Every structure is written in C-alpha cells, then in structure tokens.
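Here chain A shows up in two complexes: once beside chain B, once beside chain C.
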Partner chain A sequence: MKLTWLYRNYKSDLDLIERELEKAVSSNSELVHNASLQLLKAGGKRIRPVFVLLSAKFGEYRIDTVKNVALALELIHMASLVHDDVIDDANMRRGLPTINYIWDDRVAMYTGDFILARSLEYMTNISDPLAHKKLSKAIVEVCIGEIEQIKDKYRFDQTLRDYFRRIKRKTALLIAVSCELGAIAGRTDAYIYRRLYRFGYFIGMAFQITDDILDFTATEEELGKPAGEDLRQGNITLPALYAMRDSRIKAKLEKVNLQTEKEEMTRIIDLIKESGAIEQSHQLSRRYLDKALAILDELPESKAKRPLKEIANYIGKRRY
Partner chain B sequence: MALCIYEQKADSIRRLVKNEMYHKFLFEHMESPEIDEDRILMLLMTMDGSGIPVEKYERQIAAASLVQIALDIHDKVAGQQITLTERQLSVLAGDYFSGLYYHLLAGIDDINLIRTLANAIKVINESKIYVYQLDVSDIESFMEHVKRIECTVIDEFCQYFQSTEYIGLFIEFLYFKRLLSEMEKFNNGRFSILFEGLKNFCLPQMKSIPLSNLSQHDQHQLNEICTHHIDQSRKALMDETSRIIGLPGIFLERITELANKYKQIAT
Partner chain C sequence: MKLTWLYRNYKSDLDLIERELEKAVSSNSELVHNASLQLLKAGGKRIRPVFVLLSAKFGEYRIDTVKNVALALELIHMASLVHDDVIDDANMRRGLPTINYIWDDRVAMYTGDFILARSLEYMTNISDPLAHKKLSKAIVEVCIGEIEQIKDKYRFDQTLRDYFRRIKRKTALLIAVSCELGAIAGRTDAYIYRRLYRFGYFIGMAFQITDDILDFTATEEELGKPAGEDLRQGNITLPALYAMRDSRIKAKLEKVNLQTEKEEMTRIIDLIKESGAIEQSHQLSRRYLDKALAILDELPESKAKRPLKEIANYIGKRRY
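== the complex of A and B ==
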C-alpha cells in the first residue's frame, strides 16, 4: 500500500510546496544554500505539509495562505533533522551523507538555525495570533521532549507513561499541530481544528510506535542502520518496555550499551520478538489508528477525508 | 536615580529570562548560559520613552535576549572542551531558547517582531558561515561579517522600534567588545576565529598552521593587525559617545570599563 493516489491527486499543490521549499532555502551564502539543498534532495514524505493541506480543505482552502503553514512545518522538521544528526553524530540520512558529515558540526548548526529562521519567516505571513500561540507552544514542547530523551537514555526503570509522553513530544505534537494549523489557516471553527489536532496526535503516536517496532523487525538494508540501534543508543522504546515485563529479559536489556556487539544485539532482538512485545506494540498502534479513524467520522464531509483515511491505513501497514 | 531605575528594570528582565530558560536537567548538566547585561541595557535604552507597557516591553526584550543566547550557545557545540552530553544538550538548549523567544512573542501577539528577529537569526547565521569558512574575498568583508554577527539582533530591534538614536553607538560598542574578547582569547592561547581570519588574509602562507604553532614574530604581527582594528573601533566608539547628549550614566560607565579593559590588554 502506497500513498500514490494521494500524491497524484494533490500533485500540483505538493509540487508548489516543493518549489517553494527550494526557494525557502536559497541564501546569500552559497554554502548555506548547498547544505540545505543537500537535505532537500534527500527527499522525505512531506507528511507534515500533506496534513496541513488536507486539514485546510475542511475550511476555505486558499493555497497562497495555507502554503505558508505547510512550508513552516516542513522547515521546522528539516531544521530539527539537521541538528539531530549533530546530536547523534550521524553520517547518513535517507541514503545521503549528512551536513555534519560532508562539512562539520558548526556548518550543520548554522544551517539548521538558518532553516528554522526561514520557517518562522514563512509562518509570520499568517496573521492569526492563535496559530502562533499553538505552534510556538508545540516547538517548545518538542525541544523539552528531546532534552527528556537524553535524560531517559539507558533508564531501564522508566514507565510506559514516560515513553508515551516522550513520543508525544518527539513526533505526535508536530503532526497534530500540522493538522490543527492547516484547519486554522483554512478558518474552520474550533470544533473542527480541535478534532483535527486529536486526529494528528493519534496518527503521530501510531506512526512513532510503528517506527519503534521497525527498529527491531526491519532489516539493516531497509532501516539504513543496524536493527536494534535505538536500543543500543539507549532509547528505550515500547517493544523493549513490554518485553522487560519479563524479569529475565529485563536483566539482559539492562546490560545493553554502546559497546554491545552485533551478535548480542541479535540475541536480544530475538528475545524481544519471542516475548510477544512486537505483537502487543502493533495492537497499541492499531488502537491509536482506530481512534484517529473514529475522529474522522465526527468531522463534516470533505474531499480530504479519504486521503486522511488512506494515510492512517498506510501507517498501519507500513513495513519500513 | 536614573542608574537605579535601569538596574531595577534590567534585573526584572534578567529574572524573566532566567525563569523562562530554566530546565532542571539542562542546567544540571551544562554550564549556565550567560545573559549579556550590556545587551539588556541597550535594549532597555531602545525602549526608553516608547510608551509600551512594562509587561509587554519586558517580554520583547527577554525575547531578543533569548535569541542572542540561543545563537551564542550554538557556537559552543563544536568546542573541543565539552563532553558528548554537554555537546548534545548545547544543541537542544539553543533550539529550546529559540522556541522560547517565539513563544514569548506569540504570547503578546507581536508577529512583526517575531519576523524581525527571525530575519536577524538568518542574517547572523549566514555571516557566521562566511566567517567560519573564510568565504570572503578580503579582510574588510571578513571584519564586516564579524561586526554583523555581533550587532544584527540589536540593530534589527532598534530599527523595529524606530529608535535609531543609539544604533551607531551600540554597534561600535558591541564590535569593540568582541574584538577585545578575541584578542584576549588569542593572548591566552585559546582558539580565536577572528585571529584565524587574520592569519588567513595577512599570513596566507601560514594558512594550515595552528595559531599556537606560529612563530613569535608571526603572532606579534597578527596582534598588531588586531590592535589596529581595535584602535579604529575604539575611536569610532568614542566619536559616537561624544555625539550623543544625555547618554545614561550607567552606559557611560560600561564604555569606560571597556576602554580600561582595552588598556589592560594593550599593555
């Protein structure tokens, strides 16, 4: 299952966003421009702009207005990727070398800051103060989430609640806000934008849980990194938390660190798979998706409903 | 009396910035970010007589301060003397403080100032790349970018409030202060991006040699060149100071302190 239908039907607007993204990263500095283009070239699903555009369809859809929100959200996401690569000392992203790898950390930091500034410039083309209150709050929360992620590394006694709060901030919030701001830019009433926020939140939670499952179930080739790498880096995700309910597995997981050998990681991944934790995680992801789909039923009829449903189903069936 | 009022106002803003920035884990694991008192004073002087309510201008000044702190903290990411966790948290702290500037201004519906400061961030980061990569044709452009990095937040802030009386003075003050700081770093054997630039343009044959490995003669030569720029900057600062009538005493004191620091470094 792919999102080709969606991308075909919204091609002209998505092409416009793509062109505008290229314009957005143009800079007086050739190096800033090239570094940003490097990231743009690596592609991506542009899932946040898609949510913005589709949500705006529930109101007055004016691409000239709504594109500013779509661009701002995608640029915020891009800036965070550039800085995340510095944090993780990553060499590759989506099959291409990272900015910090080609140039260095300093260039990556400045480029990320430049891109974030561009995102805010686009956003200020939206005059509704409510949109800024919502987005700025989300950005602050996302940053707190990233700090908490560092704090929670190798903390094997964390609870499910800690995990949910972390992935809410890490992933679900920006998707929720993409839906909400798209609707606000389309001037829908509060009933609609609040529901779209919830829709995005549930989708985002399901998306991150699926990502966390794939870290154990997908191959190195599919992931672009070794399986179990999140765990080795100290990120305790849902499958690991479920598996650790078995004290014997917990004892093994607690020994994982950056020096853990590949063979040992393979044994640990097998233990997690055999514990039923993957299936339990899938079930929870499915529950979030069902909640998202139920919200769509509460929304008025719109052409956007079908593609939003397709995205929810796509996330449910995503294999890598 | 005026001095007392400025100090009180500055103190209130400093507390606001500190409260906004505070995050337990962050502050336990990294060096507390420095709040530049001089910049707060300049931003306050910009707002003098603007008629803007206290609660509003305090947030506007705090937001501009957070922008500067966020920009400065990201310069530390590539430093060699910090641990991995400090490095990671420096990245996140800078992003967090940027988010707070946006949040503060969104809270008072000041969308235009959000845009103005975003533009400043954009310009500064472009200049940082030019300086860091030595991607300029001559020493004058190099120094111009150094100046821009120091002054753009204050410059844009003053322009935004159409408070242009002090702009020239603020720019010269910040530039002079930066030059002194770079000279101090170099003299203490620490890395100085400014001296890297001076080496590149004035001793091109020494490009690949670390500053600390240069001969005494070459180091002295770079010192002389920097001193020349500092002298020029100091003169420009004094000219601006004498041009303005009724400059707040507290700021005059700061200029005097800086000039004294220069004497210490020069001797």
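== the complex of A and C ==
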C-alpha cells in the first residue's frame, strides 16, 4: 500500500515524523541502535501516524503537539512487531531479516523494550491525562492480545469470535486509538473523537482481514516471505476458518505444522482459494469498510475526510 | 532482608500495596495470570514501595496518591526481573523456578510486557507530568542498561566504571526514582526531592554491591541458587573485578563459562574470598551508605528519617 497522494499533501509532516523516528531509536548502545535501524529500514506504511495526523485535522491541527501522539503510537507498533517476531520465530519481515534472526531472541526482546520505552518518552510530552490513560490501556490490551495469540496457535477448533478478538487486539485497537488520540490532540469534542475511534476500529479490522487474505493470495516476492506462512506458523486466520467449514479441508489443515513442505502448502493454499473462503473474507472486510465510511458521514466537514475515505477504499483494493 | 520493624509501623499500607499488586497482575488470560502469580509468590523485599512511602512522609502523605507511584515502580521492577531472567537464562529466582524455566522465553517476554503495561496503567493515575517524565526516562535507562549488560558479559577486561554504570542502571536508578517520586507525590519542594533522589541513588549502589558480594559469600540455601552463579553467567561484579587485580586470579576467572563445574567454581570463590576483594567491596558499599546517611542529615525532621536510617544500616549488615 503506497499512499502516494498522501505523501504529496502531507509530505513535510510525514517526513518530520520519519526523521523523528530515526532520532527516537538512536541509542549510544551500538547493538540496540543497529537493531532498531534494521527495523526502521524495513519501512512500513506508517499508517498509525497518518491516522493521527488526519484525525487531528478535525480540530486544531498543530504538528508540534500531534507529532508526539503519532510517534508514541508508531513506536508502540514497532516495539510490538519486534516482540511478535520473537513469538512467531519469524526470519523475515517486509523482505528483510528480523532482529531475532540477525541477533537473537534476547536482543529482540530488549530492543523491543527500548523502543517501547522511547514511546513512553514521547507520551510524556502529551499533557492530557485522558490521552495517557487511553494509550496505556491500549498497550495493556496489545500485550494481553499477544499472549492469547500464543494460546490460539494451531488451535483448529477456534471460532470466528476468537479470530475477531485476536485481530482487534493485534491491529484494530491501535488504529482506533490513533484516530481517537489524534482527535484528542486536536482538542475536538467527544462526539468527534468517539466516532473517529469507531472509524479506526472498523478500518483496522478490515485492514487486518485484508492482510490475512494476502498471506494466501500474494506472491512470495510481494509478501517478503513465503505465502501461507501465517498458517504454517499456526496462526489461523479468517480465510482458513471459512475454508475449514468443509470438513475435508479441515482434515488437511489440521496436519499443517512447521515441518510442512512448500509443495504441500501450495496444495493447501489452492484448496483454500477454491473453497470460496477468499471471497467470503473479502466480503467481510468490505462490510467493515462500509461501516467505517458510514461513520465518516456522521462527522463534520474537514479536509481530512477525503483522504480518510481514500484510505478506506485503498484498503479494500490493496494487493500487497 | 526482613524489614520486620517496618512491617510493624507501616503494615497496613504495605499490605494494601501487596493486595493491589495481586490485583494488578491478574489477567483473564490464565497463562499470564499464573506466570505473574509465580513471580508474586517468589516474594521480594518490596524495597521500592517502602522507599516511596517513606519519602512521601517528607510531604503530605496520602496513601491513595502515593500508592500509584509505589505500584508503578514495583511493577516496573518486577517486569524487569522477568526479562532479566530471560537474558540470564536463569532457572531459579529466590528459590522458585523462573517463568522462562516453567514456560519459555516467549511467555516470559510477554508476561514482562504485560506487567510493564500494568505499571503504565498505575502511572496514568498520577497527575503530575514531571513524575511521568522522570519515570519514563528511568524506564528508558533501565532498558538500555539491560542491553549494555549483555554486551559486558564475560568481558573480563572491563573497568570498575563499566560495573558502576551497569549497577546504576540496574538498581540504583529505580531506587533513586522511588525516593524522588515518593517525595514528589507528597508535594515536597525541589530541595527535598532532589536530595531524596541522591539518597536513593547511594542506597541503591550500596544495595547492589551487597547483593553482588552475597553471590560469593552466602550459601546456596540462602541465595535460592548456587553461589558464584553471577560469575558463571558472565556477570562480572565488584568482588571479581577487585580480585582480578591479581593476574593469576584473572587467568583463572577468564576460563569461567557455563560449562564450569561446581568444584571449580568453589575453588574460584575461595580464591576471590582469600584475595581481600570481599572486604574491599564491603568498604565501598559502606562509603556509599555513609554518603546516603550524610544526605539524611541535610533533610528536615520527619518520622521517616529513622526508618530510612535503619534501612541504610541494615543493608550494610545484611547477610542474604
């Protein structure tokens, strides 16, 4: 997802965030500095900062205030990625080797801790206690989510509800809070920031479902890791859950583990694609996007509305 | 170290903290709940809450305000212990198996994250932005300290300065901040909270040096792990650094690693004891305690002075 049009209109502010991110992860420990830069190099869509900035536009937009929220949220996200990669024993992220792969789990653990701590430093620049409380609660939820995720691994009898709860904590919550806190930083009234929270929640759900679809439909080159890797790692996502309604497919999936060969994974991916599970997943993602778009209609006019709408539509169409 | 007299005079407030700690680590994830309880069960001296409470006595002591600071600090400390045990690959802590030993490194990583997140929740109840900033900075330092600690492992040519920097970040800083933030929670003026910070810093240095001495001088039963375990893990502490001024001892120490047998460790511990390094370390600890006590004299009268003095003296005498 390349938000090129955003980079045109919000380029200078997003560039500022990027420079500050680089400053934030710099450390006089060479080890953690290099590890953090490895993560920055892998890039990322900076979707959380984008939502923070756009949501702040519904109020008084001042980059000096709002940037602290954007940085805190992106750093929390980055820290959680580093720890996620430990949990998932992942070798690659966005086509680059992970910190735990280059160094080890311990370095990854502490680099993640360090980045989270940096996030806290930015939080201290936010004077609103309400914002603090919301951010801390979100971190707690993200952390609990990660532990639940381990419990759910290779649990082939889990329900759609288990999946939704998981992606809420993994993705939707931080995006919802990005929108909410952006608005709060812009000092909008509660009517606006509550709606932006819900907008972010629905967008986040759609975003993660799309991500989970792409794990099956995109190419290895596009993903920067083999297709079907989520499933092989025991992370059972929406397309797999839909496909397993067919008991013959379920029987095959239940045999998947880290030893499953590439050829077998290709066959299983094909089964999932042929089952109609991808279309069903797209439909659900679309429903979340429609809910998000409906909320935008309830919001007052703002320059931010059009880009938010475009992001929503982009997520519906994104290929990788 | 049993602070029995403290438990007499401050029993109800410390009991309240204990109950709140139990509430803080409770989670609807059974896994993280059990892991956190394992940590709570292992006990601990609750030295940080004690310093918070006593420092607050120099101002307006209100348990409802001050408890948030005490809980936030103890939870940060607990979280760092869990991650420390991953770094050190430790099997035992205070005579009980560690989280990474019972479960695995990943569960320990996320349980630590969860406990840190809970700490943040308590922080949000503290309205003073100054306190937030100081606490966040301390977390950053603790995290950097942990990474530096990995770098310093088995580095037998390190200096005393490397050691002091390490124990400052590992222990002294959080105790200093406990005293400082306790005072700030009690709304003392800057003269008082700055001095309490320094008091805590000196106490913390003495405390860690004593801990590092005990690793060589206490019994396995007292320590809850074999004597000399720090050294075997590559954590080179003050007694070892002093002893290595003798090049023959240095040559022996440089051969220590995780494969070193118990008999060899016993011989090495005896060498260190015979070198006079233990007495030298005690002397330095004593110097830090004297500096701490001198600061107490600069502080206005308060009921907290006597217990603070007693803690300082206790640290000088503690056996395990």
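Here is the rule we use: the second predicted complex is superposed on the first by the 318 of 320 C-alpha atoms of A that agree within 3 Å, B and C clash if a C-alpha of one lies under 4 Å from a C-alpha of the other, contacts with A are read in each partner's own complex, and residues count from 1 in each chain.
Keep in mind that, in the parts below, a contact is a pair of C-beta atoms (placed from the backbone, for glycine too) under 8 Å apart; a residue touches a chain by one contact, two chains touch by 3 or more.
Just so we're clear, the structure is a prediction, and the values are computed from it rather than from any experiment.
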item	value
Simultaneous placement of chain C and chain B on chain A, clash or fit	clash
Partner chain in contact with A:V86 - chain B first, chain C second, else both or neither	both
Partner chain(s) touched by A:E274 [first = chain B, second = chain C, both, neither]	neither
Partner chain in contact with A:E60 - chain B first, chain C second, else both or neither	neither
Touching partner for A:P129 - first (chain B), second (chain C), both, neither	both
Contacts of A:L31 with chain B and chain C, given as first, second, both or neither	both
Common interface residues of chain A - those touching chain B in one complex and chain C in the other	27-29, 31-32, 83, 86-87, 105-107, 109-111, 113-114, 116-118, 120-121, 123-124, 127, 129, 132-133, 136-137, 139-140, 142-144, 146-148, 150-151
Chain B - residues contacting chain A, complex	23, 25-26, 70-71, 74-75, 77-78, 85, 87-89, 91-96, 98-100, 102-103, 105-107, 109, 111-112, 114-115, 118-119, 121-122, 125-126, 128-130, 132-133, 135
Chain B contact footprint on chain A (complex, rising order)	27-32, 80, 83, 86-87, 104-107, 109-111, 113-114, 116-118, 120-121, 123-124, 127, 129, 132-133, 135-137, 139-140, 142-144, 146-148, 150-151
Of chain C, residues touching chain A in the complex	27-29, 31-32, 83, 86-87, 105-107, 109-111, 113-114, 116-118, 120-121, 123-124, 127, 129, 132-133, 136-137, 139-140, 142-144, 146-148, 150-151
